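Attaching a single structure in structure tokens format; questions to follow.
First chain written, first letter: the chains are A, B, C and D, and each begins at residue 1.
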Amino acid sequence: MLLALVFIPIAAAIAIWAGSPARLTAIVAGIINLVLGLIAASSWLTNPEIGSVTYSVLSKPDIALSFSLYDGMSVVMLLLSVIVLAAAVFSGQCPAGREKLWYSNTLLIAAGAIGAFLSDDLFFFYAFHELALIPTFILIGTLGRRNRKAAAWKITIYLAFGSMVLLAGLLWLVSATEVSSLSFDTLLAASIPGEAQKGIAALLLIGFGTLISLFPFHSWAAPAYASAPAPVAMLHAGVLKKFGLYGLIRLFPLVSEGMQHWLIVLIVLLLGNIIWVGFVTLNQKRLDTMLGNSSVMHMGYVFLAIAALIAAGGEGNSLAIPAAVTLMFAHGVSIALLFALADKVEKQTGTLELQELGGLASKAPTLAFFFGLAGMASIGLPGLANFSGEILVFLSGFANYDPAKGFGPVQIATIIALWGVVISAVYMLRAFRQTFQGPEASSVKSAKNLSLLELAPIGLLTLALLAVGLYPNLILQLLK
Amino acid sequence: MDITWLLFLLPIASAAIGWLLLNKQHTLAAYLSTASVIATFVISVSMLLAGKDTQASFNWASVGDFHVKIGFMADQMARGMMIVVTGVGMLVHVFSLPYMKKDAAKARYFACLSLFMFSMTGIVLSDNFLMTFMFWELVGLSSYLLIGHWYQKESAADAAKKAFLTNRIGDFGFMIGILMIWGIAGSVSFAGIADWASHVGTLTPLMTATLGAATLCIFCGAIGKSAQMPLHVWLPDAMEGPTPVSALIHAATMVAAGIFMMVRFFTCFETGEAHGAPEADHAAVSLIPSFAWTTIAVIGIVTSLAAAFMATQQDDIKKILAYSTLSQLGYMVMAVGLQGSEASMFHLYTHAWFKALLFLGSGAVIYACHHEQNIWKMGGLLKKMPITAITFLIATLALAGFPMTAGFFSKEQILHVANHQGGMLFFIPTVLVAILTTFYMFRLVFVVFFGKNRSENAEHAHEVGPLMFIPLIALTVMAVIAGYEGIAGQMAPLFHHEKVNFGSIEFLSSIGAFIVGLVLAFVFYFNKDEDKLSGNVLSKVFANKFYIDEFYAKLVRVFQDAVAAVVHFFDEILIGGILVGGLSRSAAGFGALFRRLHSGNLQGYATLFGAGALLIIYLTVFVF
Amino acid sequence: MPAFYLEIALVVLGLVLLMVEAFGPSKSKTYLGWLSLTGVLAIFAALFTVCPSASCSCDQLTRFYEFDSQAKFYKGFALITTALVILLSLEYRGTIKKFTTGTEEGSGEFYILPLFACAGMMLMASAKDLISIFVAIELVTITFYILVAYMRRNVGSLEAGVKYLILGALSTGILVYGIAWIYGITGTTELALIAERIPSLEGSRAPLLFGLALMVLAIGFKIGAVPMQLWIPDVYQGAPTPITAFLSVGSKAAGFAVALRLFEPFFGASLTSGPLLSLLLVLAALTILVGNLAALAQKNFKRLLGYSSIANAGFLLLAMAAWQPQGSESALSTYEVVSFYLITYLIMTMAAFFFLVTVYNTTGKETIASFNGLAKRNPLLALIGTIILSSLAGLPLTAGFYGKFYVFKSAISAASSGHPALWWAIAFGLVGAAAGFYYYFQTIRAMYWNDPKDPSKIPVSKISLALLVIAALALVVFGFYPQPLLDLAAAK
Amino acid sequence: MATLHEYLFVSGLLFAIGLAGVIARRNIIVIFMCLEMMLSAANLTLVAFSRFNTAETGLPDYDGQMLVFFIITVAAAEVAVGLAIIVALYRARQTVNVNDLTSLRG
């Protein structure tokens, strides 16, 4: 079943390429995947081996094309991927005549993400992520908006650079563990001498960090998401970016000691994400770049949980990982929803310049409702998924707080990071105010409300946000 | 299942149904919402009469053995507060039915009201800080939605945004406070904190300071929600919302949530009561260092005084009431800070009724005057709409602390606390605020209801319909009787008050303040067509709210927008341009250099070959 | 059957075909291509019937000639490459015709001369004596002089020929001078004896290293390592495309086969292993850097492939700098890494040249701009091109990734276990690999982002199409399932 | 009799002169001649080493001299091919000056 989850999008992409009706095939594949993903996730609770497959592909080192739901984190990420994919195939405005390119590449991006999250072999975990690189490059560069070419270059070069550094880190990690198999089971059972850990940790932080748009390796993300067609932005910002976080958390036990050396650096960088990029976001004049930057900013919170995990050291911080994963899920869904909606705004008004927008709510109340909801989610309103994640992250920041000793670096970081919640509220409400409220601008005169079909993906994402927001144990029970 | 859950379920269900399913059937949505609030009121009353503490919770988020719980703790304080919330809420719903009759987005309006009822219920019944925080935010959301109900208006949209953001700043502190308390006490539930406080013994200086800091951080939340200085600026602007909303949210209930929450928090430290040892009444309270208490009290009285001054020079009927609310909230905060939680809660409770009444009354006036809000364009309305006028007058008396009205008793308590716990430093400003309160309220009454009609709208005004004046009358009743022990004592023990001592300095200054304020107002404003006091420097300062809004606007422009612009600039220049751009440029530069080596000239190649060969040989033989 | 019969057979076949060319029908010469292709394939088949030297009863040439698994691999490699080059030449015949006599008549030798080069490469794979190494290398080089300059009415081809000639002869000079010194110091030209004698030559370290450096330089010319890479872009650009492919795949692989054999004795002795390692490390770092960075702004696709071949040489040198003669349970030996890398390199590079020739045959240009809008002109070709270029860039899930994977893996494990200087080379390698994404993607970008000037379809010949599809499939399939490649590379 | 070092010195000189010629001259024919000179230098080195490296039998080690024959042969082939190319070039471009051969660059 897991094999199907990965290969259905690929097969659909091939089918589209070979001539089957593009949109229909993509939608069918997306829905089948969603259903399969939900089934897999729910049956995982009773049968953790569900759908595992292993095909050895290389003997030296031992590499296997091996899929399994390795732990709850994989399950959550799988859910995120299938949900966002199902929404992404519905979203966006494909220019006539380019359906093949649009849908097949969208599916390939998703296949890469799903493959990475399901692989329980380090090699394919890495490899599947890269699968998404080319379709992203092609789609942004060919069918994106505004500075599409520059943005596509930027994202590609950054990600290539990040992947290379990451590759070096992973290879070092593998050679330091002195195991012959790259399966997570074997790797995680090994240990790495402290000396090597420091270097490996640095490479992993830079490598994964670039993929996650950790400050100061973040400047690719906002322009790329702003220029990308909606499905690409949704899948990339929503799902693929989580790959790096997933990897960091997954491999963390191997380099926990080494990470300690970089704790302060990481904290400074993550605050750079939250505060620095937060301010950058404040200064955006367009809806798309604003959303792009906001997604960069929010990565800081996940890093905060990771920093808490690092700082806890031997004591352990049982909150940090569930917090990070919940927030990853929540952010993925909410940012995908926001990009989908921003695309609708552009479709209705023809612009995303905040200056040219205004009063859209009276023409398109449903759109306004969902955008408001997604915006509120992204600024952490209780009852929506992001809050569940953020609150747990903040709690994890204080989980190892000893009042008798005063604040440690992580507590101080948590407090500063909390200011980011204010910043994000400022830019999000500003954007909402500028876009939907106030008197009608000339650009919205001919705008229409969302149609029922357009509502489908949005409703799906909203449902996910609400479900996890209202009852986070839905996710957390997977993360025990 | 406990019936208390219905208090949550009914409003949220009506909100969801009203907004999502009934957005075409406006009237149905309105009735649904009203029905739900009536039901919750009935439940609240039944709970109050049952007089039983109930408690239940479920795990909302659990990680290992750490659980974030959602549940309720219906103790006496919560039950009493529920009466206020659902009672005022119910009347406001009823009042809204005619008031919002012609509004195109009635369904949304009532859905938001229901959402508010849900959120407020959550705060009141919450048994732990995290749950409080969640509903705290949701209350902020419903307030945002309701202030921005007429979002097409620039001012309404801006006011809504301002309210939300200002509250966010407070919540920033609140969350830090919660986290710190969690770190210190090891629990976020009120019971857990109380348990910790009663067992902890003495604290190290660092712990004490941390606890004080945590207290102040939590207080930040209250500053935001209860609109204390320096985050008070949103509340007057919030009057952009429909008037019934102002009555419910921005006068009676939500703004009181800050007070309620602080009292809840401090109650945790009053272990004397919890453990039945009255003499240890303030033993655990003393865990919290005095700097925290003092800060709270000072912020309260400063807000109270400043807002009272501002109120004297406003011309918008709702703004006057808004500043009055600020001022009264300042009273309550001061009382909390002076460790007079009982007085504070008592005033909160009485204030809710008559301030809601004032707002609804003003709503009726505005409605009657075709949405005219400037008091100088009204006048003589006593004859046009007697019921409204009389109820409004009674509410004014209550607010001014006229003897035997509800406000009289609670203000007495506040004065008592100020005098006994705070000393002259607090007492004199408190009395001054009392004078000012009477002054500006009667200014309002004289200008609006007496004299002659000063505009066409006022001339054509007529009494409102029964659905509007029935709530007014109901509230009037409460404004009069709510202060008596028989009623107040029913609500909760915290409202319990000492007998009024007619010879005490508090009583005398209360009466004195009332008389002075009334006389001044009469002299300056009775039968006047314009404000004689306006125009001088001082009144300009008051009218312009001490220029605090302007100052904030500048502050935001400089510290947020300018910094954002600078950071954005550096982000592109420094990181995008120099760091990354520099890397890629140097790569390209080296690339160009390398390409130039391939000049196509054979001689050049031979030279480079030779040079390279020599270098390699040198390196190999002599270096490596 | 002794192995050297294969080379002899190849040379004889070449001579016979030359006779046929001279005296046979002159209208069409394509049949010569097919004949020579058949011959190469037949010899490839015969390769599997040859017994290894160790178990062979014959004792001819044993001093000069080794036939072990490595030799077998590189012989097979040379034969396959030659077969593909001949096929590519057949595809390219229009251009050859145009720039030689204007008729088919002039193109006959073009299909035959590769046989001699192939024989040279096969010899290189087996040579284990400095003399046979020299002779083998020269056989290849001289054949290539002719092939590069084959299109004698094309100024570019002639210019490339002259450049290759002069610089090639220069490297020959350097090679023999180096051989002379090594011979002088060790007193032998046999690699096995050299290995025995080096440890006792403490006193002659400097002249030994002098000779070694000269030989490294000369080998560097073959494989395109800095500073001997200068000829590559010009010659690659000017030479007939099949010959460019031949140079870039066959000649380079043979160069590495020689390098592996040649360096083994020097790596084996502590006297020379340190300097050699440092030398290779520096060369690797510089080669990667020069190859990748110079390619960044390249506008000509063929020339780009030239830089790319320099870059790939750099990665292979990096693998050699991380010298690891014995594999382990989890790691490959240097021989296996290089072989593995070369297999993937063969597939991708040959495919890239077929791709180029296909587009060139229609557009008449070799610039990146000539790929503009290929996604619209021939989507299948664009897809295949994307796969090939991704593989060249080293994208995971394509075969091209594994080569780099093994190179970096062995380099990193050497770096973290005692050769920290390698980190620098690895860092350059990472920069280079990232830059690689940029310039390979330039072409993908041209295919998808840009609009074609001429929107007409691009036809693909059946042979090219079949080969391209097979290559693209192979790249993807091996991307998921690389074990067969490893089995090939590590075959004993 | 001249010592090994003297031979090596001369041959080294010859090699250097050849290299210098390749670098300095512009005429392809001359360059080609210089290249041949470099090969001769190598030959001289080989012969010298061969003379002074005695084998176990006491005779000079003839391996070096054998290699010299190979080199001479190869050089002859190289010259044949090389001159043909140069002639072709001259026919096409009417020049044998290396400075005129810069159409392939960058």
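Operating definition for what follows: a residue touches a chain if its C-beta (ideal position, glycine included) is under 8 Å from a C-beta of that chain, and two chains touch if they have at least 3 such contacts.
Quick caveat, the model's predicted, so the values are computed rather than measured.
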Identity of the chain that, by mean CA position, is farthest from chain A: D
Between B-D and A-B, which chain pair is linked by more C-beta pairs in contact? A-B
Based on mean C-alpha positions, which chain is nearest the centroid of every protein C-alpha shown? A
For chain B and chain D, let me know how many angstrom lie between their CA-based centres, rounded off. 95
Cα centre of chain A to Cα centre of chain B, whole Å, reads 36
Just the number, please: Cα centre separation of chain A and chain D in whole Å. 64
Averaging C-alpha coordinates per chain, one finds the centres of chain A and chain C separated by a number of Å equal to 42
Residues of chain B that touch two or more other chains sit at 595, 598, 600, 602, 606
Which positions in chain D are in touch with at least two other chains? 19, 22, 28, 31, 98, 101, 103-106
Residues touching two or more other chains, restricted to chain A: which are they? 157
Okay, what are all the chain pairs that touch? A-B, A-C, B-C, B-D, C-D
Mind pulling up the chain D residues that touch chain C in the complex? 8, 11, 15, 18-19, 22, 28, 31-32, 35, 38-39, 41-43, 45-46, 48-49, 53, 61, 63-64, 66-67, 70-71, 74, 77-78, 81-82, 85-86, 88-89, 92-93, 98, 101, 103-106
Which stretch or stretches of chain D touch chain B in the complex? 19, 22-24, 26, 28, 31, 98-99, 101-106
The answer for chain B against chain C in the complex is residues 587-588, 590-592, 594-595, 597-598, 600, 602, 605-606, 608-609, 611-613, 615-617, 619-624
Contact residues on chain B for chain D in the complex? 595, 598-603, 606-607, 610
Residues of chain A touching chain C in the complex: 17, 55-63, 65, 100-101, 126-131, 133-134, 137-138, 141-142, 149, 152-153, 156-157, 160-161, 164-165, 167-168, 171-172, 174-176, 178-181, 196, 199
